[in-house]
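Note that the chains are named A, B, C and D in the order they appear, and that numbering of residues resets to 1 at the start of each chain.
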Amino acid sequence: MANGLGCVRARNQHLQPQNMKIAPSYRTIVALLAFPTLCTLTQLLALAADTAQKKLVVGFSQVGAESGWRTANTESIKSEAQKRGIDLRFSDAQQKQENQIKAIRSFIAQGVDVIAFSPVVETGFEPVLQEAKKAGIPVVLSDRAVKVSDPSLYVTFLGSDFVEEGRRAANAVAKLTGGKANIAELVGTVGSAPAIDRKKGFEEVLSKYPDMKIIMSQSGDFTRAKGKEVMEAFLKAPNAKEINVLFAHNDDMALGAIQAMEEAGIKPGQDIKIVSIDGVRGAFEAMKDGKLNVTVECNPLLGPQLFDLIEKVANKEEVPKRVVSQEGVYDQAQAAAELPKRQY
Amino acid sequence: MIDWVSDLLFWIVFGSILFLLRGQRIFWSVGALGLLLLFNQFFTPGFFHIQILDGHLYGSRIDVLNQGAKVMLLSLGMVLVIATGGVDLSVGAVMAIAAAVSSRLLVTEHQSAGAAIAAALVISTLAGAWNGVLVAGFGIQPIVATLVLMVAGRGVAQLITEGQIINFLDPTMVYLGNGHLFALPFTLTLVLVTLGLAFFLVRRTALGLFIESVGDNDEASRYSGINAKQVKFLVYTFSGFCAGLAGLVACSNIKSADANNIGLYLELDAILAVVVGGTSLQGGRFYLIGAVVGGLFIQTLTTTLYARNVSSDISPVPKALAIIAVCLFQSESFRTRLSHVVRPFGRILKPLGSRPPQKSITATHDSPKP
Amino acid sequence: MANSLLEIAGLTKGFPGVKALDAVDFAIQRGEIHALMGENGAGKSTLIKVLTGVFPRDAGETRLEDKIIAPRSPREAEGLGISTVYQEVNLIPHLSVAENICLGRQPTWLGAIRWRAIAKRAAAALARLDLSLDVNRQLSSYSIAIQQLIAIARALDISAKLLILDEPTSSLDRTEVEELFKKLRKLRESGLGIIFITHFLDQVYEISDLITVLRNGRRVGCFATQELPRIKLVSHMIGKAVHQVEALEQKRASTASIRSEAPMLEAHGLGRKGSLRPLDLDIRPGEVVGLAGLLGSGRTETAKLLFGVDRPDQGTVRINRQAVRFNSPRAAIRYGIALTPEDRKVAGIIPNLTVRENIVLALQASRGSWQRLSVTEQAKLADRFIQALAIKTPSREQTVRNLSGGNQQKVLLGRWLATEPKLFILDEPTRGIDVGAKAEVEKLIQSLRQDGLAVLFISSELEEVVRQSQRVVVLRDRRKVVELTEGEISEETIMQSIATHNLERPAA
Amino acid sequence: MTRLNPKYIPLLATALVLLAVFSTGSLLYPNFGTPRVIVNLLNDSAFVGVAAVGESFVILSGGIDLSVGSMVAFVGILVAKLLQVGWDPFLAMGIALCVGTAAGVVMGGLIHYFELPPFLVTLAGLFCLRGLGFVIYPESIGIDHPFYGQVLPQLSILVAPKAVLPFTAMCFLGSVIVGTFVASFTRFGRNVYAIGSNENSARLMGLPIGRTKITAYALAAFFSALGGIVATFYMQSGNPASFAGLELDAIAAVVIGGTLLTGGVGFIPGTLMGVLILGLIQQIIIFNGTLNSWWTKIVIGALLLVFIVLQKLISGGGDQES
């Protein structure tokens, strides 16, 4: 109608002159102040219980809690620190590099003795590592590496060799199929070091076998849900029948894919051979049931090895630049025996 | 051969549904879904292949139904919230809470599956009620009120699981997201039952009228004696319940609860589904079935992208383009502009369009009585 | 017209389904106050909005000082010297007075706003209206009347040649209106052209030099105010012959004897701080009680308290001798009270729902969500009221938004009649609807009364109150002044009781 | 403005919370109340802060921009890629700013001309920009251009012993100053407030609605793009997968900074404080070292709640969207 534009917010104009009272806001300000005060109190209590004595202070920045592997890794580090009486400042980056940089910078400000971290991605840590170096705090890398122009920015790197894991997986595939394979690949989170390196190592070996080729490849983000969903899509492709091997960049995705296969009436481990990486407990259970063929171990229990290194570094002892964690390749035959040892 | 026949049958049924819906608002949503399916029919080999496996149907379209259940469930709750003029950003986080609660009870506390499921549903419903209290009780803007739980909820979920990914094998829990009933995924039954429940709630009772009324004109509804606060409280609570169901399905689907990833960004998909389903973000008229169709559309899009081997990183782009396209077609000013540019096309669009045609001249015009 | 300030020729504007303006001519001179009159839907607002570029025109020509203009936005129109002040104060409540006056044309220095210059300029603009305010205070801390003046100050701040006032007085009380008129006369002397739109006939005769009447998007004519009798004006506006209007005006409420029944509702000392001073009020079945008073005198506030929209903080309400207490419309409805609100758009219709849904809404709400009215019951109910109230709608499934104001009001009446109320509070039921619908509403009120309903009738049009009511309660300054009974009721007595004491200005 | 205007109360509350959080941290942990931590805070919050300044404008105008995080990531990878193929850094940054701003113009245009809800349009922007980032390059690219390696570290000021104010922090503070100026001392800025407060009135007051809205989104996109560039300074790399959810941090910072989410009320310096509060909470949790990271989310959620309720109380419970 004619007054189509008017009236819409007419009510606002008819508001009575606002009371200029400030009284209610005082109340809210008090409420606001109460919150941090409460935090302070609880924290003080916690501190009081924690009798401060001179301990080795280590700051550790973890990637996140994105997979079973990662939480096992976290557990191992935390429990080992507790066992050794080390004051561990643990920070979870929630898969965000920016959080990790913040944490490292904060460790520097806190004046910890050693900084250790598992980088979310390889690049971009140079400036903050330089700060650490300037502050004289040694840095130990765990699980994943960083790309830096100046190798003196970190003291040592403890972790698996992802490329090697990829190679091992490819060799396992070759052994399973006699060098003839049409492979579906579940790639890890795009851009992450394990995904890049595992693919690299895998393809490196693949180039030696002319009859082994990847016919489908898609990211499953290292998660079970995505692994399952992507596998479902793989199995609907017209050339799905040709797939005889699944290579998953981690066990979680493989476990998701196994479910998809079972729903499709395909026998995982037989109709389609499955090779994955990590070696978590779930994978061993699946192997025991014959649903998974090979898992290439990527040991998450880095705690003891890590703190050995850290203590050496703190005591200014000489350590090698690269320490590869000890890990193996397991197949179904070994699964039953190995399973009880897997607590994660 | 069989495929050819079943495809034809499918299209005949689909076409007749579309024909029946002409002139209705959800014509657009079903039409969009049809276009997407048509694309797959010709360009995605194997997409329409369907077979019987272990006594149930198996194929890409079945996957869409199963995987899409989460979004469909969420959108059923979301559509009512949006109808009241609100939005619930916290559904993804509530899903994570539900998953965390159920698996924690199941695995760590060794409770029965029934208890775990019930507890998860109760807690997620309470989470919804919390949103309801903020929005209805305190009168806080919905985006903001639910933002609180969206931010904090995932933290709470992680608190419950203690940051662990909890795996479970309980058959009842696993059945929720993986079982089959009448040769179709059980999740479909779950969606249909929830749809039925929602339908009963809003169409067999007067709640639907109240929701639309509150969403259209809050103040006038209050003057008419509608308890607008109660209505709002109810829809947020229901949305929490739906999110809880979706969370259970999501964790059951992969037999584990991953507080970090379950339902991540799914609130956006749910809102999208509702909008694709023809319900305006401004509130008012809502379309329950439209929301379900919208959920199907989103999942079909996702599955199509997987099937066509589009990298999962780039897959948001088509989704974004779909949002814009759908919104543009719902935007009146766009349709007017379009019909100016392409007259003949505009003439086709107009009668099919979602707005009821202008029926009378006198109705819009104040004329003194003779 | 050689020396016209503004000249409009053949202006045409159509909306889907309606021709809002049909070849309208209009002209205004410098130093002239020109009233634009017409019923709702006559095209006044459309004319203004096309003139100021809110809507594009379909055809026609506008000349400002003999130059053809075609502004595409209010901003462009302002740049040309045409400023508009709307009925609702269209300013920004969160910003300061100074900023509201200068918004969009702040003096800058190298792109940076000079806040001091703004304050000075705003003070100067207000001084032109003999106002002196703290220009740094938030706009929302001033009364609506002051805000209205600030809006005018804003309109004059640029070198305005033509000032358009679209119902500027509807939220002002009498003294405020006089204040405003004083200022308008001063502006007229300074050579400004003023287009003045209002519903109040008195005001038109008080202030305007010329009157242009529009009806159904067409120009009926332009008249010198002094030479146009009121009755003629009304007949031009509504397009009826004079004797019909007179018949309408002379129809007096039949003096049915007020039954000595017990009051349906009794309020004692009902009040709310800042809204209504304690008052006593009782209404009997079969009686229409008029509530008269100026805008802001507490009429709507009384209705809101009785209907549970606002919560009273003192006093008691008894319904059928039983003490009751309600704090929501829902509770009030349960006691058989109904209210059609003053602001139909905000608190009345649900615009995108159908006529049927709008009609059944209150009844359904009182039944709760579980006892749903079946579709057939709903349809029956809707059809009944569409017929009974002669609601002009193509079907009961038409969205209410597409109905005219009068028909929307009837839908609202239908909504409440469906609940079979015992007390019907009608807050300005005839505002903004055409004369025909007005008469029907009035007829309806009388028939409700005869059916034994208690009616509380609120209107700013005194003649209407006089015609309708058996008793009239007069309010002033949020307080009950007097209660007039049968025989005492006339426009004069009401006016007198409103004006007996000198009105103090409500504190800002 | 001499008296305490009620509109300053949220700002005051934010300042008090900032003070309270900071003193809590300083009381609890040694080394917390040092200049170094403050400088770190500015440095760590720089890209969020720059983006939040932009977000403030959109929120003040009554809209919302969800594309912030994607924009930061997109610009980061764009700059990194351009540098990798040998572009001049300034040219690369200029292009990135232009592309980013253009995206903002497109979003603003869709919102204004087709009356689409900002929520959905910027959501589409979120998806699009994220995807485009991956199209440019799906992995993190390190930047080893001499400008980044050698020039940038010198662009810093020693503000206190062991506390170097880096260039990123200066960008942040600069953005806040520019933002404050634009919001308070330009016609555009005042128009943003007017539109956010009451769009209909603003239209009838003759303010340029379309231009202002589109500019607000363009400005937000510009600041997000700038945030992306600051992020490349910060991380010396670009990564299309990073900064997911940054928009929520930005929105939270704006709200905690005292800006009304319905628009029309708020101050850019409040956003600065909001960003610092978020950063401080995270710092406290890192300093504690035993609290899990999810506490960050819970505390931010709680803080959001407190501020929302506070705003509700101050705006008097009226003024609800219809």
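Here is the rule we use: contacts are C-beta pairs under 8 Å (C-beta built on N, C-alpha and C of every residue); 3 or more make two chains touch, one makes a residue touch a chain.
All of these numbers come straight from a predicted model, not from anything done at the bench.
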Averaging each chain's C-alpha atoms to get its centre, pick out the one most distant from subunit D.
-> C
The pair out of B-C and A-B sharing more C-beta contacts is B-C
Between subunit B and subunit C, what's the gap in Å when you average each chain's C-alpha atoms?
-> 43
Per the C-alpha means, the centres of subunit B and subunit D lie apart by a whole-Å value of 31
Hey, how far is the Cα centre of subunit A from the one of subunit C, in Å?
-> 66
Could you check subunit C for residues that touch two or more other chains and list them?
-> 40-41, 54, 86, 90-91, 93, 138, 346, 404-405
In subunit B, residues with contacts to at least two other chains | 158, 163, 217, 219, 311, 313, 364, 366
Out of subunit A, which residues touch more than one other chain, so two or more?
-> 1, 5-6, 11-12, 15, 18, 20, 92, 94, 190
Spell out the part of subunit A that touches subunit B in their complex, as residue ranges.
-> 1, 11, 64-68, 71, 74, 92, 94, 190, 216-221, 223-226, 228-230, 232-233, 236-238, 240, 252, 255-256, 259, 263-265, 282
Complex contact set, residues of subunit B against subunit C | 204-207, 209-210, 212-213, 216-217, 219-227, 284-285, 356, 358-369
Subunit B-touching residues of subunit D, taken from the complex the two chains share = 64, 110, 113-117, 119-121, 123-128, 130-132, 134-135, 138, 240-241, 248, 251-252, 255, 261-262, 292, 294-298, 300-302, 304-305, 308-309, 312, 317, 320-322
Parts of subunit D lying in touch with subunit C, wherever the complex brings them together | 1-2, 5-7, 181, 184-187, 190-191, 193-194, 197-198, 200-208, 264-265, 322
Would you tell me which residues of subunit C are touching subunit B in their complex?
-> 15-18, 39-41, 215-216, 238-240, 307, 309, 328-330, 332-333, 339, 341, 346-353, 357, 360-362, 364-373, 392-395, 398-399, 402-407, 415, 433-437
